[in-house]
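Remarks on the structure that follows.
Note that the chains are named A, B and C in the order they appear, and that numbering of residues resets to 1 at the start of each chain.
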Amino acid sequence: MPVNVVDTDRSASRLRAPLTAVNRRLSTIAAGRAWWGFAAFLALMAAWAIAPDFFAPYDAERLDPRNRLLGPFSDSTLGSHWAGTDSLGIDLFSQMVQGARLTFYIAIVATLLGTGIGVTLGMLAGYFGGFWDRLIMRLGEAQTAMPMFLVAILLLSLLGPSVTILIIVLPTLVWPIFARVVRAETLQIKQATYIEAAVATGCSTPAVLGRHVLPNVVPRILVLFVVEIGHVMLAEAGLSFLGVGVQPPDITWGLLIADGRPLLTVAWWLTILPGVLLSITVLSLNILSRRFEQYAGAAA
Amino acid sequence: MTAVEKTSPLPVRPRRGRTGGGLGPLLLRRLRDGVITLVLVVAIIFILAHVVGDPALVYAPIDATDEEIERIARNFGLDRPFHERFGSYFADVFTGDFGESMWQQRPALQAVGEALPDTVQLTLVGIVGAAVFGIIGGILAGSRPGSLFDRGSNFLSVTALSVPNFWLGLLLIVVFAVQFGIFPTSGRIGPSSIVLPALTIAIVHGGRIFQLVRSATVEEMSKPYVRVARSKGFPHRRVLWGHVLRNTGLTTATIAGWEYVRLWGGAVFAIEYVFAWPGIGTLTINAAHRQDFFVLQAAVIIAGAFVIVANLIVDLLYRVIDNRIKAS
Amino acid sequence: MSTPLLEVRDLCVSFATRDGVVRAVDGLSFSVDAGEALGIVGESGSGKTVSSLSILRLFGLFDDVTLSGEILFEGRDLLRISEAELSRIRGGKIGMVFQDPLTSLNPVMPVGEQVAESIRFHTGATRPQARKRAIELLDRVGIPDAAKRCDELPHSFSGGMRQRVMVAIAIACEPKLLIADEPSTALDVTVQAQILLLLDELRRELGIALIMITHDFGVVAATVDRVLVMYAAQPMEYCTIEHLFDRANHPYTEGLLRLVPRLDHRMGGRLRPIEGQPPALTEEISGCPFAPRCGLAEERCHNDRPPLVRLGPHHESACWLATERAARLTTPGRPWETPS
């Protein structure tokens, strides 16, 4: 509650208020200009994922036993390794660049799947109500009341860890929240008179739902989508770290952390640096989603 | 139970008497919901194990011959028809027979039962730490939204939510165990062993508690009675502690309770593994590496039951306290 | 003439919002003598509530406020004293009654305690002393069985009873000034009258000055000595209650008075609302803010802001036509009956 008292000479009848943007006070740096930095970071990570060979200074598969476990900012016969090298002498920075692709791929595809499932089920639950509504919502609740992480471990060890299985398992973590949002919106829209009018003029039910429910939930879905990419990324990293997710020779950041773990006491950078990268990425997604939220809130 | 079934599906509790009317039926309804959830989970695990996966292959050693696999299948009654297996599976699970661990050569339930108290201990210490961070920070930040402290701590909490929990554990090991040597790196060799894993939980979940407590405090601070309290001349701190916190206390406690339940949804298990804490998480992950299905399923079902009970307790405590406040 | 108890000079209040700067109060001046009652009348959004909040700086948590002008209370400028000094005045020398009694009391604190805590804070009374005094006050404002009910929580009180508790809180430390912000608006009609009567009684009995903020001329007529009419953040007319009903000068005041049903209204026809909407406060208003809706507006009304014209010792009007209209209206008559 900042209160500024301004001394004005009495002849000035107009106020000369300093223009402090109030949204700056309403939220965190998400509302300031700092979010540009995080957006730029995400753009860079996306560029890594799209063209890893352009950004990676060295071949991420070439062994170089003479230059094993070099610390950050050290030089080898090949050149400089600003993130150091691992126990086989492979440049860590190159591995991190190469890891961006699969990290993003899994997170985005799994979240998309989860979003699709959640939106569809939420719409069905909201539109048909009754038994289907109860079944779908109870399923979602049951899931939130479960140690889902253990369930995922169980699933992956039963089915055998692979990228495909991971992409099938991860959406189960995210669909309930989308279902809840879409269901609430569908219930509300179902009551609206313009839906009755649309049905009366002969539009089919799915068309009505698609045309009227979706546009209303898109802003919220978008915000959630960005947040959930971060969550899925963390979940994938966790599962890969525990050895039930992505398997070598594929690379993700979570797997790099796992690879570095046995050498934690001698080569900390192998564990810490990929984690820093992952953390900043998820943080950027969180901050960006808050920015979207404010934008959508202001537009509504 | 019949009396419960007859009450309306609306979440309206019949109010009887002064203190906590209708708690009995609520308890029963929640118990019923919990049991349904648990049955659902067991069914899902059965379907996964017996339909999606091939149990005989899962249980067999990697180098097993076809004959051996067949023998294993017969051993576990896998040659019987599907519905029979389904029935006997349920009967086994609900009488506490989770099968024999091949890896540990003892009942799977015993292995899980041994690990459970360690996980409970770690989660409780961790959540207390998280509550201390989150609640104090959230109240201070929420009472002065937009202040430097608010913006700083808000950013820190978002960061805490963005960091992979297992990696945070490794980071703490590097700093406090390897660099400074203050705490042991892993295992359970004394009271100080719990500090780093509990701290990891406290940071990650403290971040979320912070966010929720902060927004609850901001909301409460915008209510008209706060302006009235200020109009009495009370300084900010007195308005906050004397008026606002009296109202947000219950919400805050509930937030911490939910967060405890949430902790069981994931974070604690990976953190246990990082610190080799001998709890359910470490057990489960080792079992997964050894393809020990019986320990895995026992861990999931026991942990699931624990979460359901914890959920129930948080919910009931909230109702009891809420009713007491309203009745007094 | 002695110095007034409260004197507001050229008060301007603006809020920085998402949509730009909102001028909520723009050049407001008025004064209140000890024991006197002033009414501030205007539509919602006219700045009357903000002016009352400015006196004690009771803005919301998220408000980014800029103030200018002076608010002199007992010779001190309330805008420029520290928060600590102001806290002695809040609830001590100036009490405040708010609009919504249902949400204005702390739902988990016994009502007696909500009165007593203010007494303890300002007078340093002990707990039993403060409690005893709180019961007296609750009794005085008309809470039946106060000794017993003071330990109950607000939710067992009706809206009218809660507003009585609010009044007890406001007068707990025998303030010199009581600010009542739409104290009766949220209540039932019969209860409204009771609350107004109570405020009037207390004012006369304890010699408290009163600022009554309302949109209702009926409330004004019943309780105050002088009236300030506000429109779009600006003062329109400032006069005694007698002048208001007999010699309203500003066309806006006149328009408002046409909306008051009167028993002695001969025309027996319909109430005539003022056409149009008040201007948005984010926009720069160059002329008279009422000009777009005023039937008498001339070119200068749209271009230049009219000055406050002094028409007599207790009458000011912010209208270019003020002098002209005043001359026409000096003969006793009823302005709302002049054909327009």
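The rule we apply is simple: contacts are C-beta pairs under 8 Å (C-beta built on N, C-alpha and C of every residue); 3 or more make two chains touch, one makes a residue touch a chain.
What you see is a predicted model, and the numbers here were worked out from it, not measured in a lab.
Enquirer: Can you identify which chains form the pair with the largest number of contacting C-beta pairs?
Expert: A-B
Enquirer: For chain A, which other chain has the most distant CA centre?
Expert: Chain C.
Enquirer: On a C-alpha centroid basis, what's the spacing between chain A and chain B, in Å?
Expert: Centre separation, chain A to chain B: 22 Å.
Enquirer: Using Cα averages as centroids, what's the distance between chain B and chain C in whole Å?
Expert: Each chain's C-alpha centroid was found; their separation is 54 Å.
Enquirer: Which residue numbers or ranges of chain A touch two or more of the other chains?
Expert: In chain A, 2, 25-26 touch at least two other chains.
Enquirer: Any chance you could list the residues of chain B touching two or more other chains?
Expert: 145-146
Enquirer: Spell out, as numbers or ranges, the residues of chain C touching 2 or more other chains.
Expert: 60-62
Enquirer: Okay, in this complex, where on chain B does chain A touch?
Expert: So the residues of chain B in touch with chain A come to 34, 36-37, 40-41, 44-45, 48-49, 52-53, 58, 145-146, 151, 154-155, 158-159, 161-167, 170-171, 173-174, 178, 185, 261, 264-267, 269-270, 273, 280-281, 284-285, 288-289, 291, 293, 296-297, 299-300, 303-304, 307-308, 311.
Enquirer: Spell out the part of chain A that touches chain B in their complex, as residue ranges.
Expert: So the residues of chain A in touch with chain B come to 2, 24-29, 138-139, 141-142, 144-151, 153-159, 230, 234-235, 237-238, 241-244, 254, 257, 261, 264-265, 268, 271-272, 275, 278-280, 282-283, 285-287, 290.
Enquirer: Taking the touch rule as given, give the residues of chain B at its contact with chain C in the complex, in rising order.
Expert: Interface residues on chain B, with respect to chain C: 145-146, 218, 221-225, 227-235, 238, 242-243, 246-247, 325-326, 328.
Enquirer: Along chain C, where are the residues that touch chain B in the complex?
Expert: 56, 58, 60-62, 83-84, 86-92, 95-96, 98, 100, 103-109, 117-118, 121-122, 153, 155, 166, 169-170
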